[in-house]
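Here come two complexes built around subunit A, the first alongside subunit B, the second alongside subunit C.
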Partner chain A sequence: MNDLSASSRITYGAVPVQPAVVRRIRGLSDKALAWLFITPTMVLLLAINIFPLVWTIYLSFTNYRANRANAPVKWLGIDWYQTILTDPDIWAAMQVTAHFVFWTVVIETVLGFGLAFLIDKKFRGHGVWTTIILLPMMLSPAVVGNFWTFLYQPQIGLFNYVVAFLTGRPASSFQMLGDVTLSPWAIVIVDAWMWTPYVMLICLAGLRSIPDYIYEAAEVDRASKWRQFWSITLPMALPFIMLAVLFRGIENFKMFDMVNLLTGGGPGSTTEVASITLKRAAFESWRTGYSSAFAIILFVTVFGLANIYVKALNRVKSR
Partner chain B sequence: MAEVEIRAVSKAFKKTQAVSDLSLTVGDGEFVALLGPTGAGKTTTLRLIAGLEMPDRGSIRIGGRDVTGDAPADRDVAFVFQQYSLYPHLTVFENMAFALRAPIRRVPEAEIRAKVREVACLLHIETKLDNKATQLSGGQMQRVAIGRALVRSPAIYLMDEPLSSLDAKLRGEMRLELKRIQTDLGATILYVTHDQTEAMTMASRIGVIEGGRLLQIGTPREIYENPINAHVAARLGQPAINLLPATLFAGAPRGAMTIGARTEHLTIARGGGDVQATVKRIEHLGDQSHLHLDLGGQPVVTLSDPEARLGPGDIVSLRLNKPLFFDADGGRVAA
Partner chain C sequence: MSLDAHTRMPGRSFADRILRRGPLEAIATTIIAAGVVMLMQPFFLTLYSWSFATTLFGTVMFIIVSKVRE
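Coming up: the complex of A and B.
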């Protein structure tokens, strides 16, 4: 309090400011000022984050339906949670999600780190290549979903054409989006194409943060390039790689837009990731209570996994 | 340990000539210090020997073998960097064992443990072996960095201002320790510094380097007493040598434009000196005092006895006592 009023006296003493303004600002204590600054954010957070969350938790214990808002609401306790956790369809959706999250994260991390490692070698024109590689990431997922449906077209699609060219199989002999075994991989490929650059960018930041003199010391210490990679590059870039994995993992656990555009969850329910199941229950069947419970289950899962992961990340960082 | 010989080496970075036509031989078991200001080319010289930079011209021989084109790993050198350059995710022990664990060395694990422990004791960090490198103080980190070099027995230790980031007290201690270790091990060391005290106290020979050129090399005493030019003379001595116009004093030899007067070349007399000077300021350092004088508009700094009761405005007379003389280009002129 004293510090602030002292400094403001100096400031306002030096710069001519209208007396009324001076008095009003001076009249506030540090605490009041702090509240003044954070209140708008707090109100916004409460209104668009905390309140909906609490409301969803409440709805998940009721039979409320958003399309029959005036119908009497009945308290159901944990019925929905029991129904969902014993429903094989839900478990199928979770498996599809797990497949999608696991493979996208693995592929994006390996490719992203590999690209970052190459770009970090600062060859001629590496700046241009960085920009080119980053382009997919800058597109809207809706656009990506749309044009990959064209790329995957069996007759005219570029993807099928390239595969046909490389393997000799006729282009129209397979459908990436229409085949039950291929479609889960089709969405993995698109996501990897779009988001590998993002992982690369984070890994590149990690690699750039390793000072040159550490490599020079290793060089003088007779460490081979291989040993330098395993005992310097990888351990020192690991926190960044883990961060990229965290971001991509959370993001893809909630994946909706791109998959919805590409396959809409089909064929059958082979690409029906959890958020598509959720959206159908919420806005096609209008089972609001049920979908609220499912949303809470998903939230707790992501939140719990992310927390465990962040603990591990912090341990790696503090090594 | 082995002899290291640099022959007429030059290195430029884009348009900056870092090292020009530099030749230097470091004898087996010798401690040579390269002394010079920032940007003089000291570090580049060290990096050229280590193989971290490739020379544009000239050759480098270690132990009689030409290593000019060799990779750092093939040169058998150890390098202590100015920025500790420890591996931050490894423990002190792992940091020091790193070089010994190189596959080409195939040192047995028991031997590695014994060697690391021995060097750690030498540097008084044996209790820190299990700590992470990042949990140490600056002085300890630098000991580890030196220890990493010491566990090996390379042809030469290259040290790039290893003590510059330590505080004055620790620097003084480490100076003594480093010299002791060097004598005990009979190690060959090329040591880069801009600190004249380090060079004077540790080195058996000092090379004064400036603008990428080796100006003079010799024992600390030779460099101090017999500098070949004004640049070299100005590198050593505390307070720095006073470079004064020759016209201020009578008796300068022909061709001498500048008189180089160190504090021991100046005798302060209450009267009967050659010239009169006014006391401007006195810096009391305890055991001695720096006396700032005005000599016909020229600033002169010399030492004085703290007992001498002098104050600003006092007039003293100075007498020259076998000073150094330099010509218009700064070259030495015989008295």
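Coming up: the complex of A and C.
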């Protein structure tokens, strides 16, 4: 039997003697206790987040290759950064990313705000419709990628069938995922389908935060519905819309899983977004130092955007 | 006894007005946004080449100025 259980059973008269561990903890100051509780988390964060980041920064200045771990590592300075930032192929990948980010954010924001505006009207059965609209957001990107691959099949896919039904074109006359022109739009459609409900939720929170008395005052002043929308609804929901735009922008800048499942960056490199290029450099060409530099460039971009995001979030919180 | 109606309040200098967190954060945010646009624009390779430096500068500036007094 250990000391703790032995000492906890000792009593002198009516007063029980506290175990030694309890006495030691009670002797600690609040600050020491706080450190005691947060140290495991800090250690875990350092091991999982900070150390890999610092290690990646170090590797980005070397010619290290993960498939030749025993080869001598040479210090290259900022050579990889110069190579990446003057490479037209990487620039092209950035433009593919920009196309994807821009159009997904525009479509999701317009549709998301429109849906939120409708759902906010509280018509009959709006709860059921909200749940149905939110369903795509709850699915895993892997599942979405797989079943949209089937939907886009030229022979048996439902998407081609619907387009054929609406336009009169034969269903097998176009391939959403195999066509150079259509494939960038194919991934935009899937992302918009999946994440519009998320934007809708944020916009809905913004619309519900507008006090009713403002609309009542506008009604008294005989402001039209159109005027109320432009002068009250949109300006007051704008911080929330900005939040959704920033969040979706950051998420889509990092997009990998869905694009990888749908097109794998093809045909050619028409849907090769930055993270696909990074994966190819890191795990197909095994240029670890080069891909580390590329990862740091993407990280700094996302980190910069995240700072703006936090600032926007604080502005929303102060409402 | 008379009061001077034109007594001037102690005014804040230009540096006092500019060297506050709000305006400096706005400048840093603009630099970050410019860096991101430079990274993704399809027109000039030179702008793309300088995008990382711009974003990094803006981000470091944002981190520093977020410690400046309100």
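Everything that follows uses one rule, which is that the second predicted complex is superposed on the first by the 281 of 319 C-alpha atoms of A that agree within 3 Å, B and C clash if a C-alpha of one lies under 4 Å from a C-alpha of the other, contacts with A are read in each partner's own complex, and residues count from 1 in each chain.
Everything below uses one rule, namely that a contact is a pair of C-beta atoms (placed from the backbone, for glycine too) under 8 Å apart; a residue touches a chain by one contact, two chains touch by 3 or more.
None of these values were measured; they are calculated from a predicted model.
Trainee: Could you tell me whether subunit B and subunit C fit or clash when both sit on subunit A in the superposition?
Mentor: fit
Trainee: So in the superposed three-chain picture, is A:Pro211 touching just subunit B, just subunit C, both, or none of them (first/second/both/neither)?
Mentor: Only subunit B is touched by A:Pro211; subunit C is not.
Trainee: For A:Arg222, using the defined touch cut-off, is the partner it touches subunit B, subunit C, both, or neither? Pick first, second, both or neither.
Mentor: The first partner, subunit B, only.
Trainee: According to the stated criteria, A:Lys31 is in contact with first (subunit B), second (subunit C), both, or neither; which is it?
Mentor: A:Lys31 sits against neither subunit B nor subunit C.
Trainee: With both complexes overlaid on chain A, does A:Met236 touch subunit B (first), subunit C (second), both or neither?
Mentor: The first partner, subunit B, only.
Trainee: Let me test your reading of the model: by the given contact rule, A:Lys121 touches which partner, first (subunit B), second (subunit C), both or neither?
Mentor: In the superposition, A:Lys121 contacts neither subunit B nor subunit C.
Trainee: Upon superposition of the two complexes, what minimum C-alpha distance (Å) separates subunit B from subunit C?
Mentor: 17
Trainee: Which positions of subunit A sit in both the subunit B and the subunit C interface?
Mentor: None.
Trainee: Which residues of subunit B touch subunit A once you look at their complex with the stated criterion?
Mentor: The contact residues of subunit B facing subunit A are 50-52, 71-73, 77-79, 81, 83, 85, 87-90, 98-99, 102-105, 132, 148.
Trainee: Please output the residues of subunit A touching subunit C within their complex, sorted ascending.
Mentor: Residue positions touching the partner: 81, 85-86, 88, 91, 94-95, 97-98, 101, 297, 300-301, 303-305, 307-308, 311.
Trainee: Note which residues of subunit A are touching subunit B in the complex, please.
Mentor: 211, 213-214, 216-224, 227, 231-232, 235-236, 319
Trainee: Could you pull out which subunit C residues touch subunit A in their complex?
Mentor: 25, 28-29, 32-33, 35-36, 39-42, 45, 48-49, 51-52, 55-56, 58-59, 62-63
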